[in-house]
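Read through the structures below before going on.
Both complexes below contain chain A, partnered by chain B and then by chain C.
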Partner chain A sequence: MNSKDAEELLERAEALYRDHRLQSVREWKRRSGGLAVGYLPIYIPRELLHAQGVLPVGLMGGGDDLEVIRGDSYYQSYICHLPRSTLELGLNGSLDCLDGMIFPAICDVIRNMSGMWKMLFPDKLVRYLDLPQNFDREIGGKFYRRQLEELSQDMVALGARPLEEESLRRSMAIYNENRRLVRELWELRREEPWKVPASEFYLILRAGLVLAVEEHSRMLENYRMHVHADPGRKPMDQARVLVTGCFCEQPPLGFIKTLERAGCYIVEDDLVQIHRWFHRDIPLEGDPLENCIAAFLEDAVASPTRYIGDQEKGRELVERARRSGAEGVLFCAPSFCDPALLDQPMLVAAVEKAGIQWTGFKYTENLGQFQVIREQAGTFADSIRLWSGV
Partner chain B sequence: MLSPIEPEVLLTAGIDVGSSAIKVAVLREAAADGARILAARCERIRRREPANVAEAILRETLAAAGVALDELAYVATTGEGEIIKRRTGHFYGMTAHARGGLFLDPEARAIIDIGALYARAVLMDERAKVLSHRMSSQCASGSGQFLENISRYLGVALAEIGPLSLQADRPEQCSSICAVLAETDVINMVSRGISIPNILKGIHQSMAGRYLRLLASTGARGVVLVTGGLAADRGLLSALREAATEQGSPVEIRSHENSVLAGALGAALWGAFRVRKLAGKGIALGAGGQR
Partner chain C sequence: MAGQEAGASAHKDPSQLRQKQMLAEYFTRLAQAPETGGRCAYTFVPGNLTELLLSFDVLPVLPEINALQSGMRGKSRDYIALAEKLGHSEDVCTYVKCDIGMLKSGNIGPTGQRIPAPSLLLLSYTGCFTFVKWFELLREQYRCPAVMLHVPYQGDGRITASMRSYVVDQLRKRVIPALEQVTGKAYDEERLRELLARSAAAENDFSWILEAAKNIPSPIDAYFGGVYYISPIFTAFRGTPEAVSYYRELRAEVEERLRLKKGPVTPKGELGRERYRVVVEGPPNWTSFWQFWEMFAEEGAVVVASSYTKVGGIYENGFRHDPSRPLESLAEYCMGCYTNLNLPTRTAMLARYLQEYRADGFLVNSVKSCDSFSAGQLLILREVENRTGKPGGFIESDLVDPRYFSAANVKNRLESYFQMIEQKRRREGIS
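Right, the complex of A and B next:
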């Protein structure tokens, strides 16, 4: 892959990121004649939809280049920005190529939004996917199985093919491969962060929300080949940081670039977290649906949207920081994000106890002024590089 | 020729990309006898591409210092220096100015960096660790750009501002709140026949008042070094000292002939610091400062 190909790959990824009208999804539907169903952050079992021939389309709000006019009228000022822009996209027809919408259990705002969507778009399938908060297979597992079976039946009612074991197993293998490619690039970023800038990798991950998984895996492979071959990716003396809190509403691309330019290597984060929801591959042997359920219950990341007591989340964050060699933690939460901000004091306490430096920002997806972020991140990076261990 | 891998002696470069000028300094830093400037340059950007100007000045400064690029142990940038691709690392402006200020005047425990777009007061300790800082508000009336605009209206060259201000006998009070109001004040003063020295001194006094308030808000005491482009304006320095005396301020305002280079010097010094710190962890930077 030469540098022109790589440039084109990144341009395509950015075009997909900015394409609110989902042109690539429309083309996929034209080509395949299949169904496309949207989902909100942060997790749905995409393997299931894939096995039934449905394209799962991840929606992460309107970013920083969408003017929200009607969406604002549905929410009070103390509600985060993502539901406003998502509603705006629905109301302005950008999402009309989607045959349905799945609202996973993130927070009350998104749960209520599923009800609003039903009223606003009565002709479309709307499903609130209630993810279990009890991780016992006998309790949460049975509950989750019912949820998935109902989801699968919803797809059939839309016109998708029924869920079959073998096709689910094949889809799980395809998604395992996709997640493995993501993990490899993540590992490379930890080892040599200058080779995989967060701002580039973020676009590649965002592309995976709208492309068919097979095409996204090819994109990941091509990107990996390029970063290995590109001699222009030279290391700099930057502070290694872990960015956490941005699992649902995403910061604008300029925010990520600002952190990097201010002297930070982002070696770990929870952006577009669905690509790294599981620590390991989902096993293919045995009952594939049961394996998907077990993976969700027992191998998922410690997301703020999951109820995990006994300070486990703090321990996992510190472990992630240590594993990635992060010298500092940036708590970056969207304004008014209850799950992120409610977890934050507990996480800060764990980070402080572990002797790791930290600082915090808040953002909205349409943030346009980065000077304050630049100053804060710049001084944080300086303080790590100059004064840590002194 | 010194070797960049020789731990006792390091050669580093600092590049401070400001909004109107680029400053470059090449230093020799030795564990035994500290740092000294081998060569330094300051050049106005004048509507050129800043990255290209910085590259050209770096080459010139290295040539003047007799140092090759690959002999540098660290290329440090500050200001808007993120645009420089060949940098080893970037330091935030106040971190760099604090270090540069301490290098130029070891007694300084605060600096006030007055640049083209804003002023920034920084309180620091004896290691140049930043303890507190305050920036001027978004209004341009506390900035070098404002002074430059006024000089243009008055038909005065930038270099003449300081000497003319020192000739004032009855300075005219000027708005200290808003650049637009201040410019209107100046137009009125000209039409009222106020002399140029008295107008300039009035502006300097207005700016000095703002800077002293900034310094007071950081808790600065003792020696304060003025850095940045306006550190060379003798009229402003005089106004600052007079205002400090009148107000009974606990600060002693100082400047240095190389104050304008403080950011570049500080960046180069922090670069050397990082090389030694990383070496202590067993991490070596390659030729030209590549990590």
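Right, the complex of A and C next:
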């Protein structure tokens, strides 16, 4: 892949990121004649939809270039921004190519929004996916299986093919491969962060929310080839940081670029976490649905949306910081986001106990001014460099 | 639920005095727990398992109640400030911060006595995700055993067999073993059945009391007054003989008021002419509770139905705790709480209240703290207005953060709202 191709790849990823009308999804539907179903952050089992021939389309709000007019009139000022922009997109017809919507159980705003969607779009399928908070296979697993069966029946009712073991196994293998490619880039970024700038990687991951997984895997491969081959990617004196948060509502791209420009190498983050929801591949032998369930119960990341029952809060974060060689932690949370902001004090305590420096930011997806962020991140990066030199 | 400082309310009915005494005894038992060896479990109002806890002789402690009591007693400002100083965001639910602030200030309850540390954190995750974080935070503080009961949401507006068995499984395999472990006692289903039978008896009377507001004039205020009525049944008393006699007595009082065609007792004394009947969605503000109530009373407004009195459970559809199906009925109770219902169900319920309670209008008190209640309220408002043709009003405040209660603003809004009802009446030729 030459640098022109690489440029085109990144341009395409950015175009997909900014394409609120989901042109790529419309084209996919035209080409394949398949169904497309939207889902809200943070996690849904995409393999299932894929196995039934349905394109899962990840929605992450409206970013910083969507004018929100009608969406605002549905929410009080103290509710985060993502539901407003998502509603705006629904109301202005941007999402009309979607045959249904899935609202995973991550917080009360998304939960209530599932009902709002039912009321505002009565002709569309709406599924509230109640992800279990009990992680015992015999209890939460049994409940989750039923949730997944209902989800799959919904797809059939829309016109998708029934869920079959073999096709699910195939889809799981395809998603395993996709996650493996993501992990490889992840690891490369830990080793040589200058090769995989977070702002680029972020766009590539966002593309994975709207593209068919097979196409996204090709994009990941091409990107990997490019970063390995590009001689222009040279190390600089930057501070290695871990960016953590709930990242349901996303910060604008400019926010990520600002952190990088302020002297931070983002060596680990929680952005677009669905691509790294599991630590390992989901095994393919045996009952595939049971394996998907077991992975969710036993192998998922410690997201603020999951109850951490028997583990020390923040332990996983500290381990990740250590493993990635992060010298500092940046806590980022959307304004008015209860899951992220209530989690933060516990994680901060764990990070402090581990002797890791940290700082925190709040953002909204439509944040326009980055000066303050730049100064704060710059000071933080400087202090890390200063201390690491001691 | 009931604040200990009765504020402006001079007149006290026997039921109010009895409630005060019940609460005083409860807090004393709690305070003495370290000496008596008594145990307590912290848990939440929605989906509470009071009968199950009491069957193990474990007293429930409800942190939301402690927070609202702190709000009513003027303590919440300092508690919240302390929590924010400790790193809690200004954006999050103020109940949590108020509780953390109270804990860091010695955990002194509303009667001035210390609330003991929990023997168990029983996280009943019903209708509010914040609960999960709240108890993760408390677990870090207390380092005590914790057990989670995940109550599935009625996303499709119904309870399925899978939802029910998920909750029952958790009760059987998680919650009960945790209680056995903490208390050293075996699960006694017979005892639980006795408690549930008493719950059902109290629930019959309680349900009758709320429905008494269908009369004109209404003998009760189902929001401000309702806060008192729900207190025993949604907290530590459901299933006890005290709760049964409390509700029997309260019912007799309401029957008497009904016979005499009397309105409710408000902070301004007995309500004279009932001028407006309204349905209210959302919890009240606690820091200016009396002032808020007075604003209604001054206008002759009575709240005839409210969603807040359904946070701990809904009985109007016939649900009663059922001793013949103890765990199943506990599961159904948990799943039936108001904030565990989806928005279409909430909307339909409120629209129905407007018709059945012959209300003049619908009012939303939107609290900054609570996504569970507030996210979606503006759509509910619109829909209820459309479906009923009755005027809707909107006020914003908070639960226990006094910074978000602007008396002048709320009063203005309420006055213009009642004027709106007046104008509508004139247009329709109703005086």
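One rule holds for everything that comes next: the second predicted complex is superposed on the first by the 382 of 390 C-alpha atoms of A that agree within 3 Å, B and C clash if a C-alpha of one lies under 4 Å from a C-alpha of the other, contacts with A are read in each partner's own complex, and residues count from 1 in each chain.
In this section, contacts are C-beta pairs under 8 Å (C-beta built on N, C-alpha and C of every residue); 3 or more make two chains touch, one makes a residue touch a chain.
Because the structure is a prediction, the values reported are computed rather than measured.
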item: Clash or fit, chain B versus chain C on superposed chain A; value: fit
item: Touched partner set for A:E290, first chain B, second chain C, both or neither; value: neither
item: Partner chain(s) touched by A:C107 [first = chain B, second = chain C, both, neither]; value: second
item: Touching partner for A:I139 - first (chain B), second (chain C), both, neither; value: second
item: Touching partner for A:E67 - first (chain B), second (chain C), both, neither; value: neither
item: C-alpha centroid angle, chain C to chain B via chain A, nearest 10°; value: 100
item: Chain B versus chain C as contact partner of A:E164, first or second or both or neither; value: neither
item: Partner chain(s) touched by A:R385 [first = chain B, second = chain C, both, neither]; value: first
item: Touching partner for A:P235 - first (chain B), second (chain C), both, neither; value: first
item: Contact breadth on chain A, by residue count: chain C or chain B; value: C
item: Touched partner set for A:E375, first chain B, second chain C, both or neither; value: first
item: Touching partner for A:M119 - first (chain B), second (chain C), both, neither; value: second
item: Chain B versus chain C - smallest C-alpha distance in the overlay, whole Å; value: 20
item: Complex interface listing, chain A residues touching chain B; value: 234-238, 261-263, 375, 378-379, 381-382, 385-387
item: Sites on chain B touched by chain A in the complex; value: 74, 82, 87-95, 129-130, 270, 273-274, 277-278, 285, 289-291
item: Residues on chain C engaged by chain A in the complex (per definition of touch); value: 86-89, 91-93, 96, 123, 125, 128-130, 132-134, 136-137, 140, 146, 148, 150, 152-153, 155-156, 160, 162-163, 165-166, 169-170, 173-174, 342-347, 366, 368, 371-372, 374-379, 383, 396
item: Chain A residues touching chain C - in the complex, by the definition given at the top; value: 73-76, 78-79, 83, 103, 105-109, 111-116, 118-120, 127-128, 130, 132-134, 136, 138-140, 142-143, 146-147, 304-305, 307-309, 313, 333, 335-339, 341-346, 348-349, 362
